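In the two complexes that follow, chain A is the common piece, with chain B as its partner first and chain C second.
Right, the complex of A and B next:
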């Protein structure tokens, strides 16, 4: 079983308590009514789906119920790190060579 | 609701509180699983600025650390999230009425009838709970007084360690049959 660190509970908890909530850092347009159809499609439907490191929202639904962000590797399924919702993308990932 | 109140006495009798699975208990070598008597409970949500006023009104200091709980005079406050607590009053007083006097911003919802408490006690208590709960229940990771919302099998529970070898499992009334049965089966297995 994967152990995921919840930044609010400040410890690693079993994956059964968590739920994935899609890609992180997708900002809703401030003037959504004025968006063109193409821009709206990009915001609403198009996700990066990378092979490798992905930034995701997760929710500790069966715990503190908080949303937070997690950096996960889609190849190894390893969680690189987690951080609180609203915080910016980490500039440098722990263990990254570059 | 008001209409129901003016109807006959027979109808009144039907709204009498009937706790789920009241009095049920299962004993296995090393662990006893039993339904605890009803208690008053509230779900409390509040920002940090309101904590002092709420703690004073409730008579118990709301814990701010993850997985912590605080107890005083039969009233227990369990940390569930950064702005969420479960208050359990086993002394028969109403925490909802205490919160009603507080003017600081908060939300208190009575959930006394929604929750059912199950006691799991005995040397094999941790093994019994761990049969469905994936958390680390060693005394280092989950000391006496630790509390956490977690999962037991398919049901969400709130787990509180009341002693080194005793847990209190809080679950929703509609899950209580499932949770009690799972714990009872686990109690039998834990002895082996």
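Right, the complex of A and C next:
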């Protein structure tokens, strides 16, 4: 069982308290009704599936109930870092060489 | 009375305390501290089981957890018949009853042994080849035959009466394995004050110190030192010492699962004691001190009872005081078996000969053995063991061939070398590395915060082991935040090894006489009956990866997970492939390390505690009034209320008619309820639901539809606006949590600028639906402060006031098509208010009704149930709910999804009504609909029935269905093909009762 750090509770809690909520940093278009088919497809259907670092949304559903973002390595399953919803994609990851 | 093979003065058990036990209904006497294995051996019993496939007689291979052969059934009572217990692990208690497995009619004469003679049939891959054809024979002939003939023990046939405990624990340093290495690591870590857990699978700590008679630490015999060290650790507040505890799984982030066997070793555990305890430990650092396991020699008939690992024989002698024979042969490829021969010889057992595959080995143990007058043969091999139910001889030949001789023996001790136990390390996702020089896999790259020490790390020698382990324990403690412990003299200082044993090397693969071209039964995997020949055959038949060889032969796939067989199997495959071992690869080690009971994993989560049961406030009343309940998710809901003599059909018919004639009371409390509050509440509702909300006046209600972003219906429910900034939202019963999740998601991440709070109020409000022409007359006398006249409180309105003196949110709404109300009261008052309403209802002949009647009444009106009439691919238009979509709205979740080409295309499945031509026929929900019943199979299916009931009010059956282009098919005849014939139906509108909706005010 993984330990996940909730950036709101500011502590590591067991995986069972959390729920994955899909890929992060995909903003709902402000004028969604006016989106073209292609743009809507990109927003709604297309998701990355990398071998390595992925940016995800998680929710501390059995805790503070807040949504937040997490960087996870899909190879090792390790959480690289977590940060609050609305914060920008981190420019530099801890432990990364560049 | 001493058992025949118990040697006075040998071993550590007190011979005074005896325990009687039975094996296959024969009584024996053992002594306190024995395992079932040592007690049987003390009585000269070697034959304890039959093998899985060939039903060959089997004895004890080992003295520990790696045992592949000696699996027995332990019977405590009618309910407690545990199969596949390793006799080498099961501790003896007075009165223990054990039975052998996989034999009929008896252990000594087993009919299934004919498989041994027919063994060409059962060679590698036999499951895949022999039983291929014909297909039907698999189900009728092969599978039942295999299941009865093969297999291990028999499952208990009653519920497990024992209980199982569970603990979560956190520690700084978790030490797995309580031999010299584990104890040294734990001592070092404990001195720094960090929280330490030390676990070992055995009843007593010490690991191989149990048999290593030559080990001396801190001036004491090794085993005695271990006991003293454990006593010291136990006395420390920061240390938890767990014996009989197996670490079976190593998971992410140093999360380790352990099972503690709490009471399987006790005569009368009593009801208070759990049988086992599951420990789920999260450790900052893990020290793996899991030791090494001795390998057997792979030669013909190496499975005969009496043929065993040298270290096992040594354990039985030095710990349990038991000789495994009187005239013992030794077959080895390394030094460690010499120590066994020496110990046995000194205890008075004759050593017939030591057969050493090596050409000219030298060393102290060899000299010592020679000095004791033991015959030693270098460069020779045991090519076959004689005897059947017990080994009777060994045939010895020069290893390169040539004349042999047969030496009578009653036991053969063998050692091909030692395999580091990297199981847990590998489970932690660590990568093993092959050491070419010592020909073994040792821990390479660690993936987690753990360290391997001692034999499991390929460290040879007691001195080096203790050094390494002590340093690693201190380092782990420091990394976990412990004080820097300066090593002091005396208490807590590094243990000093005065004397120890050390050996490495040995051999991998088949021994001479069992090599390529031979067909002898030289077993690699005892538990799955895999021979060296099987592995070679698998390679010849094209299995070139060790993962394929493993699955084709089942080598290493039995419950012992190949602890003794993996390396031999790998070496044999590598030899045939002519590849170096690392290129053939090692199979993956998976949890559990040893079998884990379902009971320990399930713990308390069984029966009523398996899943929470949710009951509404009126549950007791409904039970008292004869309700039959149905499970809806975790809820228990009253399904129908049969009167004396009524079946479900009769009860539902009566309830349905009564509601439309007078009135009915229904508990709707399970509906999800969410309060949406805040200055931007209406704006939020506009975004989350298809409907317009800004202009809904406080005090009015609206039926809302929630979509997902893809444009499909996600949930629905009536929403009351209590105030400008306050909405009381209802959801489907099953949808409550996901709707809340969906709302929170948008509020927190997409619309965080909106000033809104969401609160689940499902359990705060009990909801009593009062529906029917008399509903107002039933409620009104109990209500204060609410004008319930049609003018003051029209259909789809909500009022706050009091009922029976308690606060109420009174909704005028209807899920039946009748004049109706839903009385919300604080849940604590739910039952009292229900009883008051019931009393009023009795004056008007009202009925209580359950979920079945609710379903029928709503279907009569064509009201949909999300999740029954919709399936996640239905749009509002498909469900004829276009009217509920705000046409002027520029945004709501799902607005863009709804515009997708496929969602507005012609010919989509639409919700319609169906009437069977024969009004008495009730369609089956889920039944498929076709246009032309005479077309060829497979027919083109154009839709399916979503809801179907007998409607007593209509005097006929009614149904709702999703049908392609359904609304353009009004009046068309369609067909529902069923196994017993085709049913003719007519496409109709969805409303079967009161099409104009006049009864809402009736």
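The rule is simple: the second predicted complex is superposed on the first by the 98 of 98 C-alpha atoms of A that agree within 3 Å, B and C clash if a C-alpha of one lies under 4 Å from a C-alpha of the other, contacts with A are read in each partner's own complex, and residues count from 1 in each chain.
FYI, a contact is a pair of C-beta atoms (placed from the backbone, for glycine too) under 8 Å apart; a residue touches a chain by one contact, two chains touch by 3 or more.
Computed from a predicted model, the values in this text were never measured in an experiment.
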Chain B versus chain C as contact partner of A:65, first or second or both or neither: both
Which of chain B and chain C A:77 touches, first, second, both or neither: second
Touching partner for A:13 - first (chain B), second (chain C), both, neither: first
Contacts of A:21 with chain B and chain C, given as first, second, both or neither: second
Residues of chain A touched, compared between chain B and chain C (which is higher): C
Which superposed partner A:5 touches (first chain B, second chain C, both, neither): neither
Touching partner for A:42 - first (chain B), second (chain C), both, neither: neither
Residues of chain A at both interfaces, chain B in one complex, chain C in the other: 1, 65-66
Complex contacts: residues of chain C adjacent to chain A: 251-253, 255, 280, 282, 429, 447, 709-710, 741, 744-745, 748-750, 752, 890-891, 895-897, 899-901
Contacting residues of chain A [partner chain C, same complex]: 1-3, 19, 21, 27-28, 31-33, 35, 37, 40, 44, 57, 59, 61, 65-67, 76-78, 85-86
Contact set on chain B toward chain A in their complex: 66-67, 80-82, 84, 134-135, 141, 148-151, 156
Parts of chain A lying in touch with chain B, wherever the complex brings them together: 1, 8-11, 13-14, 16-17, 62-66
